[in-house]
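Two complexes come next, and they have one chain in common, chain A, joined by chain B in the first and chain C in the second.
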Partner chain A sequence: MSEQYSADVVVIGSGIVGALAAHRLALQGASVLILESGPRIDRATLVANFRNSPRKGDFMSPYPFSAWSPHPVYQPEDNDYLVQAGPYPYKAEYIRIVGGTTWHWAAQAWRNLPNDFKIQSQYGVGRDWPISYDDLEPFYYEAEVKMGVSGAPNNGSPRSKPFPMQPVAQSYLEQRFQERLAPGGYQVITNTTARNSRNYDDRPACCGNNNCMPICPIDAQYHGGLAVDAAEKAGAKLIINAVVYRIEHDDKDRIVAVHYYDPQKNSVRVTGKTFILAANGIESPKLLLLSASDKFKNGLANSSDTVGRNLMDHPSNSLVFDAEEELWPGRGPMSPSSINHLRDGAFRAEHAPFRIDISNSSQVASVTQNLIAKGIYGAELEEKIRYYSARQCSLKNVLEILPDPNNRVVLSDKKDALGIPRPQVHYAMSDYVHRGMAAAREEYTRIAQLMGGTNLRYSPDGIYGNNQHITGTMAMGSDPATSVVDAFGRAHDHPNLYIASTGIMPTAATVNSTLTAVALALRSADHIHANA
Partner chain B sequence: MNIRHPQTSMKDAPPDAPVAARRLLLAGILSGYVCSFLPLPAAFATAPTAAAPKASAQFIALSAFLSGHVQLDPEQADRLYAAFLAVESDFDAQLKQLADFIAANKPEASGLQAALDDQKLAFAKLPGRILSAWYVGVVGGGKAARCVTFESSLMYAAVADRLKPPSYAYGPYGSWGRNPLAT
Partner chain C sequence: MNHFTRLCATVGVAVGMLASAHAAFAADSNDAALLQRGEYLATAGDCIACHSAAAGKPYAGGLAIATPLGKIVSSNITPSKTNGIGNYTLEQFDDALRRGVRADGQHLYPAMPYTAYAQLNDDDVKALYTYFQHGVTAVDSQPAATTLPFPFNIRLSMAAWNLLFLDGKPFVPDTSKSAEWNRGAYLVLGLAHCSACHTPRNVAMAEDSAQPLAGAVVSTWFAPNISNDPVSGIGGWSEAEIAEYLRSGRAVGKAQAAGPMAEAIDNSLSRLTDADRKAIAVYLKAGPIQHHAGDDTQAAYSWGQPALAIGADRGAARVGDTTLFNGAQLYDANCAACHQAHAEGTPAWGKDGAALPSLFHNTALGHANSNNLVMAMLDGVARKSDDVMMPSFRQQLTDQQIATLSNYLLQHYGNPAAKVTVAQVSQLRAGGASSSLLTTARVGIVVAVLLLLLIVLLVARRRRK
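Moving on, here comes the complex of A and B:
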């Protein structure tokens, strides 16, 4: 196949992490080519898809997948793309279109805590990162400016500069939780989010549409599609429907090209000087494993045999209850506030830390469906819809799971429409997680009491929700024997291959992983530019 | 509520549009497992039109009885009824069975489901499906589920003085922060 494209930097994947690295490098004068496996879909279409969907609570339903670039779908039935090896189901959700999975997120853009980078040396669990909070701090700030982040300053993560904007205005529900929980010792703070609290970056301030997931209808919330737009404006070239299936190296172990299929399975070879793998924490290790060669029989960047291992996410348990006063969740952003003091402490030696998130999502649909299912009809139905929609509240945690090499992504023997092996996941929960969940449940009970809560409905023991924060599968570290990339995100085995992904995070911490991954990618981009 | 979609007005879609849309999608499917993805809603806008069945008097009467609404929007009734006909071939027969049961037993709406469950009748779940259509806006389940209404679904009408349907704005920045009980 003839060579058709070449660039200084070739980025595989157009999610927020890869696209913002591409943006930075393009602004610095590099020729940048972004390869995206899926199509481009505009926001208005996604909003219309949401409004027309029969499954409004299924955040994947507005996002069609293409036959050549499938992503996991579980409703109305599992499409079996992500093969489950157990013992615990790991039903990851991600979106393979231009812009990636941050099309649907709650815009949670938190920094880790300083201690999150050294839990092995501090608490004797997990592993330490090869960098400190201070190493990443300037890049956190750079990411916050690009993404338009704001939040409460007392969120536990020290800052050298203020947020680029004020925290998002509180919903009424948030105000009442803050007031009622304070006497019980709970500090409720406004979440750290990439959501405009003023017109910023040519995007409007939030209008409180309560639809952050699955799609912000007005782009008040930052997402990967905007990052791609910015990268293209800076000069990067995007190729859509380009399904990379092999990474090629030379005899000096440098990457020389990647190969992609178009939807008709025509193969195209793309050469470059530097390559950034940014296809998320499942598809990226899949691609490294797929690219095994005579010299690298276990896959590229995998001399440590850790590619795909140490898969982590954030499991959650939850409590739904009825507050004694009318709060009317559904006005304003869906996830506006949280409780943060249980994210760090000596207890981390014993059980998982967590952040407690207070939902402000509209409860109308779930309340109505539950009432109808109970046979509540006639005038009583509307009375109860109003009563419970005003009072039903939900708490959940974002809890740290520790790296375990047995939790992993491998290639399955099942293939997709292009003949590419589908990813298979092995996943299990530890007692460290279970103990953390039990501790969270006690906190939920106290919180519900402070809210005058009744009708407390805990999620079942041992059955946890998933937060789609795929981490750990290509972890960074100082030792090439135990990690995939170095402190700059560069593969130990390939000097011109960088990985930009939540997958390079060695531990998952207690906050959504996007901002940290973007900061790491900007640091990698800085390193690429400095060494070009 | 007169909120309309920016691109695709469900209110303007012909009642049989979902079926047509599904045919269009199926024709374009490239691999087997893609079938699990439901109709692309945007296709509703381009679906061919067809004569729309009008809601039967029995459907309207049962809907009023179950919902407690004396007046229901007739156009919405037509669209929901047409959707039911599309997914349940014996829908009219079920309506008649339910109407006969109510005429014979004269239950209150609040006690209807318990009475139906006690007798383990084949159409026992029909009242819930009718109310789900009016309140949630969805007819059918699983792969056959279709969204018929959103903004005009009765669950949103019931709380319209407090909440907007998700994806609609409360007003300018921060307007959501005021006490909803004071509005």
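Moving on, here comes the complex of A and C:
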């Protein structure tokens, strides 16, 4: 075993959250080392892979799988990396390469609502955060400037400063939804996204390729790969194919080193003063559990026995219908607008709040598959593709599931290629979610009516999609007996271990978790710098 | 002069924008008009392009201008009395502007286009002087000194150069031509100093007066032939297209400005009056024709047609390594998202969206000189005037990839006779070719010294006899 690297700050994971924390600390003069388990893949390769893929809707298909840094793959068949213990499947998609999973996102960069931080005291459900919206606001703004975020100012999250740019121009579909839903009392607002509406940060404006997922081909959309580039430019060092498998502590409970395998399973020890665990909401708790020692038999940072527990995501369910007019989804970003007034209210005591997202993804592929499956061919096929692709619309919701300690990530007895235990997921849906879904379904019906919709296809009751917003597994809190990290993301049990991840969010709220995790990580970085 | 006064009245630059330093000066409306005219002329001369560093204060100098002989650092031309030109008299200002001589008697290097500014008339020199003394905020900072290699560090060498190449006479209007033509000529030959880039230079790096606007390599970019020749030049462009190009940096279906021309449009040409841009177009369309019989077989903008880039390769086995991609695959992975599958570009999207140009009917792919195609990939394209930005691929693509992609594009969408070599890309990446002038001058000096010694020896020998 050799010791080859050392740095002031060692960051485990090169996703957007860890990389932007690394960037901030490197700019402030710290020596920063980023360890990434996977390889570095350039954008051109990913774009080429996407264009050559026969499965355009499989957002994992452009991302190469590497045996030493495995991630879940579900198509063409499930690789069973993420072991499902049930009763409900938790089929998270995440990407273990430099830059992480924001390579394939829709750039939704929302802030939580102020009430999202205190649903226990406000509504008697879930748990409160140890910080308020106001504590995080300056870091939300810092994240928005770095990532180039724009959106509607009336999105429910108060701002101290305006967005760094105007929203991306509305697509025709978005305009028509806005116009037709207004008389029904629905306010359709432009989504808050990290997508350039103008040249910003040496990246061009969105030109409407409509494949934000699985890959923005021009970097109009911010992603973790860009965050890593920025961190390296600021002086951080990146080691690729470095699969951290153990975190080592001393007798004062401080972290002294991490150990990683290269793809040939040679082990390397990396020492540092401060460690940031930023390996996502599933791989991070896995690593803490893997690092169990004589003193910490349940794993590191786990004296509360909550590491891996309270796993959440945003369950969602959809309605597909045919609008009575031609809307031609597919022009502009895939997910441009949403309805937000049901994200907060007294009803949160009773059922899950939700955001309703209006899809603008091209419908050509799904319409064509459906028509072919019905046996339609020739001139009629062409005509019908044209007709339905112009009219088919899709709504989906983003429901808040509440933290439940029985929903959890544990180590399975199955191993990956390097012999590291694979994560196992225990997950269940609650009535709180089902009741929220029932409320959402009523809204769906009204929206479809306002759009003159026909052929309404609700996704089956009780069946929910996964949104890759992995939250809760290393929750922050004031009480070390019930939480993993404190208000600054520092492990209660280890004074120099910080966790930067969506996993430290104690509740999931109703918006995509990336911006909140980045803001939390920037706040942690600020704390690390102040206490260095 | 009436013509010019009328033009300036339409400029519409708010005097209120001017700094307080000259607010008192500008109390008199004649002075205010002079100041305003001076500001417009400074814009037309694009003084700010060279006399401001990136993120530096306006006109405070400090920009290191790469020349084949080395870097020439621009001077502070704010009215600072310690570091700028605050102590210059009108005569001293005039000497610098039109004759290339500083107040201390030292010669300027012709990176300062005084050979063009020599065309300015006395009234315009006075307006510019007024603006730079009273309309510009003084900045007391000293840019780095220019240090060129021997013998060019001897500024007196420029005196000899000026004897040869400086025609010190102001522009004389041609009464047989229209006022518009004369205005265009005055701008093109003088303030706008188009020839500084677009006219080829001789071995002494002076503009070749026999080939005005016939096109030249400037550092890493190619400044095309903008004479009225329909094949080699822009004879096929309408006046309206030229004027629009000068305004927005784009002539649809023909060309778009990048590199130094994009800067000239941002800082200067986009801010001229419509009448002045039209005058420039009128002059260029009536100007001398420079035809290159050898290289040019059809107009640079006329090459190519829409074609599906990836057709033959779609569905083929995936090549995991992008360094092994062929041209079509590189185009598909790096370019097609914006320039589209048939290289047809896209019209403007949204109210603020920029149109993305086609790659056929595009001068960047139509000239025999392929530098601009390579430079667009290396450095991208940036124009503030219409918020256009093509990102740089300097970090993403290797020299080999750029050469492969360029040759593919030239073959399918551009001038198939034009080629890009890997060596060319690596030279352009490194900042362009250096001049042979340095060697020539040094060799020349050695030869001159040897000759002198020989003469001295011969004379001495004769005396001994």
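As a convention for this text, the second predicted complex is superposed on the first by the 532 of 532 C-alpha atoms of A that agree within 3 Å, B and C clash if a C-alpha of one lies under 4 Å from a C-alpha of the other, contacts with A are read in each partner's own complex, and residues count from 1 in each chain.
Everything below uses one rule, namely that a contact is a pair of C-beta atoms (placed from the backbone, for glycine too) under 8 Å apart; a residue touches a chain by one contact, two chains touch by 3 or more.
The shown structure was predicted, so the numbers you read here are calculated from the model rather than taken from an experiment.
*Asks:* With both complexes overlaid on chain A, does A:N531 touch chain B (first), chain C (second), both or neither?
*Replies:* In the superposition, A:N531 touches no partner, neither chain B nor chain C.
*Asks:* Give one of first, second, both or neither to describe whether A:E326 is in contact with chain B, with chain C, with both, or with none.
*Replies:* Only chain B is touched by A:E326; chain C is not.
*Asks:* Scan A:Q4 for contacts with chain B and chain C and give back first, second, both or neither.
*Replies:* Neither partner.
*Asks:* Please tell me which partner, chain B or chain C, touches more residues of chain A.
*Replies:* The partner that reaches more residues of chain A in the superposed model: B.
*Asks:* Scan A:S197 for contacts with chain B and chain C and give back first, second, both or neither.
*Replies:* It touches chain B and chain C both.
*Asks:* Regarding the shared-chain residue A:T45, is it in contact with chain B (first), chain C (second), both, or neither?
*Replies:* In the superposed model, A:T45 contacts both chain B and chain C.
*Asks:* For A:N209, select first, second, both or neither according to whether it touches chain B, chain C, the two together, or no partner.
*Replies:* both
*Asks:* Once chain A of both complexes is superposed, is A:D219 in touch with chain B (first), chain C (second), both, or neither?
*Replies:* In the superposition, A:D219 touches chain C alone.
*Asks:* Go through the superposed model and pick first if A:L381 touches only chain B, second if only chain C, both, or neither.
*Replies:* Touch status of A:L381: first partner only.
*Asks:* Once the two structures are fitted together, what part of chain A is touched by chain B and by chain C alike?
*Replies:* Overlap of chain B and chain C footprints on chain A: residues 44-45, 47-49, 51-52, 64, 169-170, 197-198, 205, 207-209, 217-218, 332.
*Asks:* If we count contacts the way the header does, which residues on chain A are in touch with chain B in the complex?
*Replies:* Listed in rising order, the residues of chain A that touch chain B are 44-45, 47-56, 61, 64-65, 67-68, 70, 73, 76-81, 169-172, 175, 197-198, 205-211, 215, 217-218, 326, 328, 330-332, 362, 364-365, 368-369, 372-373, 375-382, 385-386, 389-390, 416-417.
*Asks:* In their shared complex, at which residues does chain B touch chain A?
*Replies:* 5-8, 10, 29-31, 33-34, 36-38, 40-42, 44, 65-68, 108-110, 112-114, 117, 127-128, 131-132, 135-136, 138, 140, 142-143, 145-147, 150-151, 154-156, 158-159, 162-164, 166-181
*Asks:* Could you pull out which chain A residues touch chain C in their complex?
*Replies:* Touch list, chain A to chain C: 42-45, 47-49, 51-52, 64, 166, 168-170, 197-199, 202-205, 207-209, 217-219, 332.
*Asks:* Residue numbers of chain C touching chain A in their complex, please.
*Replies:* Within the complex, chain C touches chain A at residues 310, 314-316, 318-320, 322, 325, 329-330, 332-334, 336-338, 346, 349-354, 356, 382, 387-392, 396.
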